[in-house]
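Quick one: structure below, then a few questions.
Letters A, B, C and D mark the chains in the order given here, with residues in each chain numbered from 1 onward.
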Amino acid sequence: MAKFTYEGDIMDKYNTFKDSLGEVRVASDKYWGATTQRSLENFKISDEMMPNEIISALASIKKCSAKANHYFDLLSDEKLKAIELVSDEIISSSLDEHFPLKIWQTGSGTHTNMNVNEVISNVALDKYGVKLHPNDDVNKSQSSNDTFPSALKIAIYKLANDKLLAKLKELEKNFAKKEDEFKYIVKSGRTHLMDATPISLGQEFSAYKYMLINNRKMIEQNLRFLLELPLGSTAVGTGINTPGNYQERVISILKNESGYDFKASENNFHGLTSMDFFVNLSGSLKSLALNLIKISNDLRLLSSPSASRCMDFIRLYPTSG
Amino acid sequence: MAKFTYEGDIMDKYNTFKDSLGEVRVASDKYWGATTQRSLENFKISDEMMPNEIISALASIKKCSAKANHYFDLLSDEKLKAIELVSDEIISSSLDEHFPLKIWQTGSGTHTNMNVNEVISNVALDKYGVKLHPNDDVNKSQSSNDTFPSALKIAIYKLANDKLLAKLKELEKNFAKKEDEFKYIVKSGRTHLMDATPISLGQEFSAYKYMLINNRKMIEQNLRFLLELPLGSTAVGTGINTPGNYQERVISILKNESGYDFKASENNFHGLTSMDFFVNLSGSLKSLALNLIKISNDLRLLSSPSASRCMDFIRLYPTSG
Amino acid sequence: MAKFTYEGDIMDKYNTFKDSLGEVRVASDKYWGATTQRSLENFKISDEMMPNEIISALASIKKCSAKANHYFDLLSDEKLKAIELVSDEIISSSLDEHFPLKIWQTGSGTHTNMNVNEVISNVALDKYGVKLHPNDDVNKSQSSNDTFPSALKIAIYKLANDKLLAKLKELEKNFAKKEDEFKYIVKSGRTHLMDATPISLGQEFSAYKYMLINNRKMIEQNLRFLLELPLGSTAVGTGINTPGNYQERVISILKNESGYDFKASENNFHGLTSMDFFVNLSGSLKSLALNLIKISNDLRLLSSPSASRCMDFIRLYPTSG
Amino acid sequence: MAKFTYEGDIMDKYNTFKDSLGEVRVASDKYWGATTQRSLENFKISDEMMPNEIISALASIKKCSAKANHYFDLLSDEKLKAIELVSDEIISSSLDEHFPLKIWQTGSGTHTNMNVNEVISNVALDKYGVKLHPNDDVNKSQSSNDTFPSALKIAIYKLANDKLLAKLKELEKNFAKKEDEFKYIVKSGRTHLMDATPISLGQEFSAYKYMLINNRKMIEQNLRFLLELPLGSTAVGTGINTPGNYQERVISILKNESGYDFKASENNFHGLTSMDFFVNLSGSLKSLALNLIKISNDLRLLSSPSASRCMDFIRLYPTSG
């Protein structure tokens, strides 16, 4: 397999790379390079893989960045074409085996960003005969400091919007059906695991339906913060090493490609360093989890026959009011 | 001190109450009654008091409920007047010593709801000579199941809106001043505790400012869910034991009294049972906490002299890309 | 592939099972049965597999239980032999692909317990021509209620003892070497990220070494609680459906097979229902994590060049005392 | 009120102190000094007071340190006597109002350590006419870095041993009585909220009893780590500014005074910096909490009448095995 080697010899089973940190050998049937291999060797912990959705989001970023760099005359037609082709392959999941890294690596996702750069560069050479430098071409106008938080936002937004919210709507519909079906079944409302005043089973299911509606609203509004991307602001937020208007251009391309309403961070220095978006969103997800647990526990209790033999011996007295 | 006693004798130092659960003695200089006293004796745990803000919110509810009940001819002019007067005293904090309960009590806040009912009833008798039944008058058209979650929402909304958001705006302004003051101080941007490309100190403070702006937006939008109140839906959400349109009326009174845009829960069965509002809001508060910790740690590091003597011996190698 | 079918037809690609819950089809190249297949279809959530270590611990339990049942004349020589052979295959990991279940299933691990029963029964028939009933033979004198918590304890004890503690000892040795190597390097001790009184770098590394020694002691003593097994106490702790002294016998066999000092729970009703052992142990593991994070952060700070340009502008005043 | 002033004038309502950080005014009826006052003004957050148990443990440390310093001829008879007298007053809780600080202060507890030093010094002057310097006399041979973690250990050990474990033993006895009382009440054992095989109610209560026995064992063994004190190792663990054998001496005095088996940390550098003891202990406390919640939930379910009206409509199917 042909590979971009900073300074390498092609051997039988391994390619050997040399760089400032020394030599490293990569299995010759894999498309990753030296940085990926070092991460693999240094972080032999856990089996929690970097999720495909993040790899895929990074590949979208590589493709859109290449288009923007090409627009600013920083990338040739041939190189653009190669990056587009390989990025699409990554997005289509056909190169999954070449992304072996775990989530436990550098804090800023540098290793996975380089993994994508290296695979694009090596596949381009091997399949299309195009020589791409992983850093100078594929990572041009980028830093893992801006691509990785952007990829997290893209991946989470897409997953939440396309999968989670879609599923929630489906479940809402099912609860709505039950609400209707159980409309005239009158039962005892319960407080403190004791009987209280009457309620219909349909009314209880209307609460379940409304829990999901409410959670959906919460998630939708908190997701909106994820549409702001620091992409193009590079290592520390100043946009150093990018051509003028690069950020505007690359995000506009990404918006068109994805169909999502992405825009530039209002403050890139914030966009690079703060994870406040995710923590805020996690509150909505916990809120959903809480409601689903409540629903499940209610159903378990409603279908549980009483352990009534004990009621004569164990009696917790309710308090009035 | 004159007190409403279900069936009680006034003694020297204690009033003795009798009810279905037996006898209970309350110090005669305290305005609470039997339910409160029992909670005090049964839950001798912790020193975490029920916050004044919740007591105060419950007093507002008692006052507005009395007005609504009066409107529906369920309460006399004299009783309404007495409830209003004592509720206002509670809100003004002059009766704080008569609310001795801890947060550790029944899950639904029944004891604190009754504490408010009992104090209103006993103060009304003692100071104004008006005889009020804690349950039949003060708690009319209510259940702790609807008043307590409503009081939580009112108290938290008020605290967050009047105090937290106000303080955040102030801090934003201070960071904006620093952003301007430090505009031309160029320093090294830092990644992984190492020097990276240049940045101005003002740009770093703009990130801090924007963190707070962002957190404020998150809190504001997540607070809005707290404006929906299940007040008036009583024990299980059906509004049993309330006159027609009671919920609409009582919430409209509360809205006018408070100046906040309260409205009826879209689904009262949900409004009574789910705490999803609070969990969702807590995500925004955690997000704020995260940013404040980040800011504090940055400032600590920026003002810390290096432990440079060790750098020759301990060297963690950064990774490129 | 020959399989034990409650009432099944062998087809081309699927085996069809019929039982009280209806029909279910299992791929004919897989050794699992109806219960496993239903779990697979009903719990299509997450990609968190039931860990191999738990499957392996359950296989040990099956083997030791077969020996105990054989001792009490409840299992023939031939059946014992078959269960031993297949259990050993499971333990050696050669049947891993036949355990497809996730950790998200019934709370008591019933599905995984049945998965092991089904695979043993089907492999026995297919490879050795021995007909074993998954429940009446393989699960004899057992219930998932006693086998599953026992398997958790066996698996966690083994992992912690053989892997974690061994690794900790190794790291202790490395820190001891550094303690010696850095003995005469004097540096400034640090408090609040500021210089304090002198210390040697070796003394700092002695603290790291002692953190691990201390954590190892904590883990070792808290692990001891995991040696108590409720194995043999079946569904609710009474040992119903087991022959006299069964628990004593099966645990004594397991102790000999494993080399670990397992013994019967002092109170089986507790052993079945409480997870207190694990929560207690998790405190020791968190304590270790805390120390490792502390060590890592120290090393990051010690190797970090100061952001000294800012010290003139940002100055947090230390407090004395 | 007479007070030790670094350089102060006694005024009507306030004493004014001057030191390197400027002027500060303290109410003249309070015994605290400048450091305490500054903490009070700078950390106006929360109403979570530094617990009395920690103040009291610090006072024990002051007293024992004074004895040790006196032994090494570093403190006069008169000063020792004064420190002993005021420390005992603090321990007896008669000076509680002079400890106004919150738990939110410097990370190392410096402010509270100084609060104790200042109160001892000011009371000594005011009541006994003995002039003590808060730092040079009361804090001699100490640093908040060694006294505060030692005080935490002393306070927690005492609370856990004298109160928590004592209460647990009492509850164990009560469950043992119930175990006996309910010995012949046969009921259905329950799994998954469904009936299973028979069990006696006494057997269920034996499990509750054993939960507590088990938790007590866990807490006892994890508490033992708290007996190791870094007291005497001062600012960074080297024992700088203490006379030879000071640590041995002061801990031996503390052991005799308290009756607890305190000893010197095996590694003082560890003892100063790691909180592993507390995290490890918290695992045992969580384990106890888990069991108490389990017991409470069981009792709630056992005393709950079934919501049986719904069982015809909502049926969750159990799985076999």
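The definition used in the following text is that a contact is a pair of C-beta atoms (placed from the backbone, for glycine too) under 8 Å apart; a residue touches a chain by one contact, two chains touch by 3 or more.
All values derive from a computational prediction rather than experimental measurement.
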Statement: Across the interface between the identical copies chain C and chain D, with over half of residue numbers shared counting as same and under half as different, the residues used are same
- request: Considering only mean CA positions as chain centres, point out the chain farthest from chain B.
  value: C
Chain A and chain D: spacing of chain centres that average the CA atoms, whole Å: 44
Message: Need the CA-centroid distance for the pair chain A / chain B, whole Å please.
response: 35
- line: When centres are defined as mean Cα positions, the distance from chain A to chain C in whole Å is 30
Message: Counting only residues that touch at least two other chains, what does the list for chain D look like?
response: 190
Statement: Interface with chain C, chain D side, in the complex: residues 21, 35, 38-39, 106-108, 110-111, 113-114, 117, 135, 139, 144-145, 189-192, 196-199, 203-204, 206-207, 209-211, 214-215, 217-218, 221-222, 225, 234-238, 240, 266-267, 269-270, 273-277, 279-284, 286-288, 290-291, 294, 317, 319-321
Field: Residue ranges of chain A touching chain D (in the complex, touch as defined)
entry: 182, 185, 187-188, 190, 192-195, 201, 299-311, 313-316
